[in-house]
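Following this line, the structures themselves.
First subunit A sits with subunit B, and in the next complex the same chain sits with subunit C.
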Partner chain A sequence: MDKMPRWADVFLIPLISLLLAAGLSALVILAIGENPWAAVKMMVSGALGSTYGWGYTLYYTTNFIFTGLAVAVAYHARLFNIGGEGQAMLGGLGVALACLYLPLPHWLLALPVAAIGAALFGAAWALIPAYLQAKRGSHIVITTIMFNFIAAGLLNYLLVNLLRPVGSMDPATDKFPEGTHLPTLHDLLAPIGIEFSKAAPANVTFVVALLACLAVWLLLWRTRLGYEIRAFGHSEPAAVYAGINPVKITMIAMLISGGLAGLMAVNNVMGEAERLVLNAVEGAGFIGIAVALMGRNHPFGVLIAALLFGFLYQGGAELALWTSIPRELIVVIQALVILFTGALDHMVRMPLERIFLSLRKGA
Partner chain B sequence: MAAPDAAKAPAIELRGISKSFGPVQANKDISIRVMPGTIHGIIGENGAGKSTLMSILYGFYKADSGEVFINGTKTNITDSQAAIAAGIGMVFQHFKLVPNFTVLENVILGAEDGALLRPSLAKARKELTALAKEYELNVDPDSVVEDLSVGHQQRVEILKALYRRAEILILDEPTGVLTPAEADHLFRILENLRREGKTIILITHKLREIMEITDTVSVMRRGEMTATVKTAETSPEHLAELMVGRKVLLRVDKVPAAPGAQILEVENLQVVDSSGVQRLKGIDLDIRAGEILGIAGVAGNGQSELLEVLGGMREAKGSIRLNGQPLPLSGAGADASARRQLGIAHVPEDRHREGLILDFHAWENVAFGYHRDEKYQRGLFMDNDALRQDTQAKMAKFDVRPPDCWLSAKSFSGGNQQKIVVAREIERNPDLLLIGQPTRGVDIGAIEFIHEQIIALRDQGKAILLVSVELDEIFALSDRIAVMFDGQIMGFRDPATTDEKELGLMMAGITDTRDPVSQEASQHG
Partner chain C sequence: MDFLTLIQILDSTIRLATPLLLACLAGLYSERAGVFDIGLEGKMLAAAFLSAAVAYVTGSVWLGLLAGIGASMLLALVHGLASITFRGNQLISGVAINFLAAGLTVLVAQSWFQQGGRTPSLMGGARFEPITLPFADALSGVPFLGPIYGDLVSGHSVLVYMAFALVPITWWILFRTRFGLRLRAVGENPAAVDTAGVSVTRLRYAAVLICGVLCGVAGAYLATGLQAGFVKDMTAGRGFIALAALIFAKWRPWNALWACLLFGLLQAVALRYQNLDLGGIVIPVQVMDVLPYILTVIFLAGFVGKAIPPRAGGEPYVKER
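Right, the complex of A and B next:
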């Protein structure tokens, strides 16, 4: 018998966690002598008050959807992929190589080609940890986090020594050719008469991210592969009993996960920067863990959680820009949200379960 | 309160204990009195609330209402420390021992007298020697627990309780993992303890044990205490009826087997596990169509590995032929789905670990293992509608309750979970059915039904390999019995001409002394 209704598990717990995090953040802001209410208003207007704000919020959201989905897919096979950061970095390399070295005259062609490059490189970066886990039992958490560092080192080397244009002092690739420019939301919405900010980086990749949510949902709950991934995630002995090959499922789930993380690069490298720079991922791979946790590893939950974190990112940036609340405090607020929605989940869950149980008994 | 000058106060008295977990009422207004120096049995099906009641007595759960009296004094047992202080000791079904500690170290664990171990160990050694003499509780105090047999480990648990001055001993399904001889020894220990005035509560689902050793017995059904009777004044049939709430056939009706063609031939099957231990040491057996071969043995003597190899879950060396065709024993063709395609169905020993995905809906479980079948596919996707229809049909046929295909597997009772697994495997109409512990943790009503299904499959001319640690079940179903010990088959017997005593000796590894002719005769009984 479930201890509480599903809606409470899916909506009430994250909501309460969020309110607790917000309350504590407010106290912190008070403590440094600022007005928390003014800060909230600033965040909301900065992130959601204009199409410019939305443009940034959705841009960040897109990043987090991909990295969140990556964690979620692996989670269903009971694999904790915390290598999204590195896989997204390598995805960036895939995008850069495709955009720089393949003849891509139009974005309609460039988008799928670059996406394939991103997914392939991201998946490749997950391949070795996946193999080590499946064949040798090396823990995926350890290997993927080590691969984040290797990815950073590799990209550093490549950008400084091989991909940097001659004469440039900047460890970054050349700007991608004009044909690979992805349409921004402004470009997409203008023809249908919606005025969207020109300056914001949100682009067509957001639509790809929404499609990815749908695709992951179909994969997990409608296909045989998804069925096998979930069965394996729930019980490995049962999977063996049913003739599901653990090695194969571990590999496939991690490759899909790495591929999704890699896809993030289409948004930040191709859609925004239009060249590959050092540290392009900016921690989105790690945020993906919190997004997946908060989204209960469900693609639609991931979408909503990614929106929330997009809002926090953009709102936080505005806060740092316009108030004397230091940049570091924004990180504190984001960390509190992660702490409460992720790590302290049970703190909210336990009392809530008890309340529901006593309610049911009363009824 | 008990009158001070009346006869002795009960060692344990529970008055009106109730406990619910959310909407589930696990214990409803339960009252018992257990007199000192007696053995009191508590019997009931899985989920009847026996374990909950004992957990309340041992301080793991807090009762919603009701009172506990120990020796006539109202006692508030808040945790296991309080229970120990009140003189209650508990021997769990799954032992709570540290495997790489010695017996002595395990006994003093949590009951050390000070920061230094030496004095505690010396004291415990002295006491253990005394206890061993008094109650036939012989265990070498210096051996490491993981090297001991299960029966000896259980004695360590009892010693632990006695060392803590337990006057009341609760044993939860203590014979589940013992050979008949070990169980007999345990009962002798319990009788010694009773003679010394200890009070014992024995929780079991085996009617035979209740009849054999208890003075009084309480029957639980669906959280309620349905009856408390003197053991001498009742019968197994009567107790079974009290447990289930209706008349139950304790014997299975079946016609003699009519074995046909050879279905399965196993030769010199060997398995070495990942830690290098040889689990199967050359198994030879065969099963014919229309025959049930029962494998008896204490758990952990290679039966699980045998099922796993035949079911494609484990690689092995040797040879297996199905309908005369050799099966690959390693590599790609040796996995479980390959075996299923060849007509081997498998009801695994542990339905929670292997047979079901507990968090999946019933309809997701009903094709588990057969989910690659063409009829469940629709283009790129799985045909979930077909799965659900299939589930409803199977649930109706096997009387799974509640017949709701959207419930998750964990929401069903043990018996209904097992019916889902058995339905899935039997309905495939396999040539060979592997079935391990078919009725473990299954209520008596469902046991009857599952046994009937197994017999019906046999009568359709299918071969069945049955593995069970319940000798009663082996006797009730098998047409031939093989006994396994230490990865080997000790011999084959005809159920009509053997008895529990002989099988018990074979299960303990004592090679049979009968002449080889009669063994030959019973080969294909």
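Right, the complex of A and C next:
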């Protein structure tokens, strides 16, 4: 019998972890001489108080949904993919090459083509770590970390030496052609009479991200492959005994994970910047770790957690703009969330389990 | 390339290898005891900031060093708490520590100094000054040996000599003392150590705290020796290069020295030449930047030799099952 009810495991523990992280963050804000309550109010009004704020919040959310799903899928196969950052960088390369060198007259065509490019490049960047883990037993965490740095070097080289337009000093590609520009939420919502901010970068990719959540849920819980991935994650020997090929599952889980991380580029490279710049990912790959941990590796949980981090990101940007609290506050909150929901899970869990056990005895 | 250029590159190799070596040895203690640590980077960064901040305020680099070690040990304690006491995931804990340091250093630096997340420049006694070894000046006239002794061996800060001395010391501790034997045993087979009546928890905490001390020195050297003050994200991936060097060194102290010197050399060359021209073939600077990582991946894959980590690494120890 489980030590505590499922709802406590799914909701209560993440909630308590979040409260601990928030409490500590409030102390940090107090320590640097600002008012935490005023900070929270400013974050809420900045991120959720206008369609402009929502536009940014949902833009960040879209990024984090993809990177969070990437970590979650790999995690179900008990693989810790810490390389979402590098995979998303390569995804950006895939998007840029598709947008710059393929004739794409309309976004309805450009979106699927660029998405395929992004997913392929992201998956390709996960391929070597996956192969090395499956066949040679190299630790996936170390290889994916190394591949993040290699990706940064590769992109730096390509942007500075090959992709930069002649005469430009900026290490970035040319602007993507008009036909590849994705409609923003403003463009999508205006025809049905909803007024949405023109300036905000949230775009049609948000819808793609929601579909990705659904697809990952279907994959993991409604297909044979998903069952095999989860069985492999629960117990490798049992999975092997049941005839599941560990090499195949490791490779497939990592390729899907890398592809999802790569897909993020459709949002930030194609939807927002409309060209590939240096360091386009801006740490979103790492936030995926916090998002997946927070969301308990479930697509729906990932969606909620991504929304939370989208809010934190936009709220944090507003704070940095109007107060003396730098943007790095978000990095601290992110670290605390990872710490409490990931590494110190037992610290939160053990007392709770004790409480539930004693409640049950009393009843 | 003339002789003097070579000396200069090797000199900068030693400077750049020092933080790598300190962090690498730090990781060595922790991982040999069975606690994986991808939070070297964060501990170094926290130490770099606090050492620079305290050195600036007090004017004493030694107080700065102590403060840096303290900051790093605090994070090491968090790592120990998560991975030893609460048996959490050591990798996730390391990731969290890296972000915690990356965020907090800038936050606190901005609040204390209002210079966009950096400390003011350090001068005089707030920095580790180079030490001129005896006879360095007297021997400077001697061809060949003079420059080698005077420019390459002499003229580094005390932390550099300390880092290099730590290599034989670490070897001696790990392979010639009872503590070292137990430390290695706890990373291979903690149950056996427990059966022998030695506390696994205490040994692992000791290893994690030693790791904290050395990361603290590494960070302090970055901010008060190699450079004059703290800037945002100044570790710039050095913690991960040290991790790579540790794997490259197969978790052995002397190999760690060679690995760190090699990776230091790559950094020194990348720093000096934007694009290295080797007789018609131009090697771009980015290749030198990522070479440590590529080498580590190749090495880890077992194509050249085999890197086998401590057997109980990454596994929290549970007394009863």
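We adopt the following convention: the second predicted complex is superposed on the first by the 357 of 363 C-alpha atoms of A that agree within 3 Å, B and C clash if a C-alpha of one lies under 4 Å from a C-alpha of the other, contacts with A are read in each partner's own complex, and residues count from 1 in each chain.
Criterion: a contact is a pair of C-beta atoms (placed from the backbone, for glycine too) under 8 Å apart; a residue touches a chain by one contact, two chains touch by 3 or more.
Note that the coordinates shown come from a computational prediction; the quantities given were computed from them, not determined experimentally.
**Student:** Touch check for A:Ile145: first (subunit B), second (subunit C), both, or neither?
**Tutor:** In the superposed model, A:Ile145 contacts subunit C only, not subunit B.
**Student:** Quick one: name whichever of subunit B and subunit C touches more residues of subunit A.
**Tutor:** Answer, by number of touched residues of subunit A: C.
**Student:** Name the contact category of A:Arg360: first (subunit B only), second (subunit C only), both, or neither.
**Tutor:** A:Arg360 contacts subunit B only, not subunit C.
**Student:** Is A:Ser50 in contact with subunit B, with subunit C, with both, or with neither (first, second, both, neither)?
**Tutor:** neither
**Student:** For A:Gly243 in the superposed arrangement: first (subunit B), second (subunit C), both or neither?
**Tutor:** After superposing on A, A:Gly243 lies in contact with subunit B but is clear of subunit C.
**Student:** Go through the superposed model and pick first if A:Asp345 touches only subunit B, second if only subunit C, both, or neither.
**Tutor:** Only subunit C; A:Asp345 stays clear of subunit B.
**Student:** Regarding the shared-chain residue A:Thr223, is it in contact with subunit B (first), subunit C (second), both, or neither?
**Tutor:** first
**Student:** Would you mind writing out the residues of subunit B in touch with subunit A in their complex?
**Tutor:** Per the touch definition, subunit B meets subunit A at residues 20-24, 311-313, 335-340, 346, 348, 350, 353-360, 364, 368-369, 371-372, 377, 380-382, 384, 411.
**Student:** Which of the residues in subunit A come into contact with subunit C in the complex?
**Tutor:** Its residues touching subunit C are 28, 31-33, 80, 82, 128, 132, 136-139, 141-143, 145-147, 149-150, 152-154, 156-157, 160-161, 286, 289, 293, 324-326, 328-336, 338-339, 342-347, 350.
**Student:** Can you list the subunit C residues touching subunit A in their complex?
**Tutor:** Within the complex, subunit C contacts subunit A at residues 38, 78, 81-83, 86-93, 95-100, 102-104, 106-108, 110-111, 114, 117, 237, 240, 243-244, 247, 284, 286-287, 289-290, 293-294, 296-297, 300-302, 309.
**Student:** Under the definition above, what is the set of subunit A residues touching subunit B in their complex?
**Tutor:** Touch list, subunit A to subunit B: 1, 3, 218, 222-224, 227-228, 230-231, 234-235, 237-238, 240-245, 357, 360-361.
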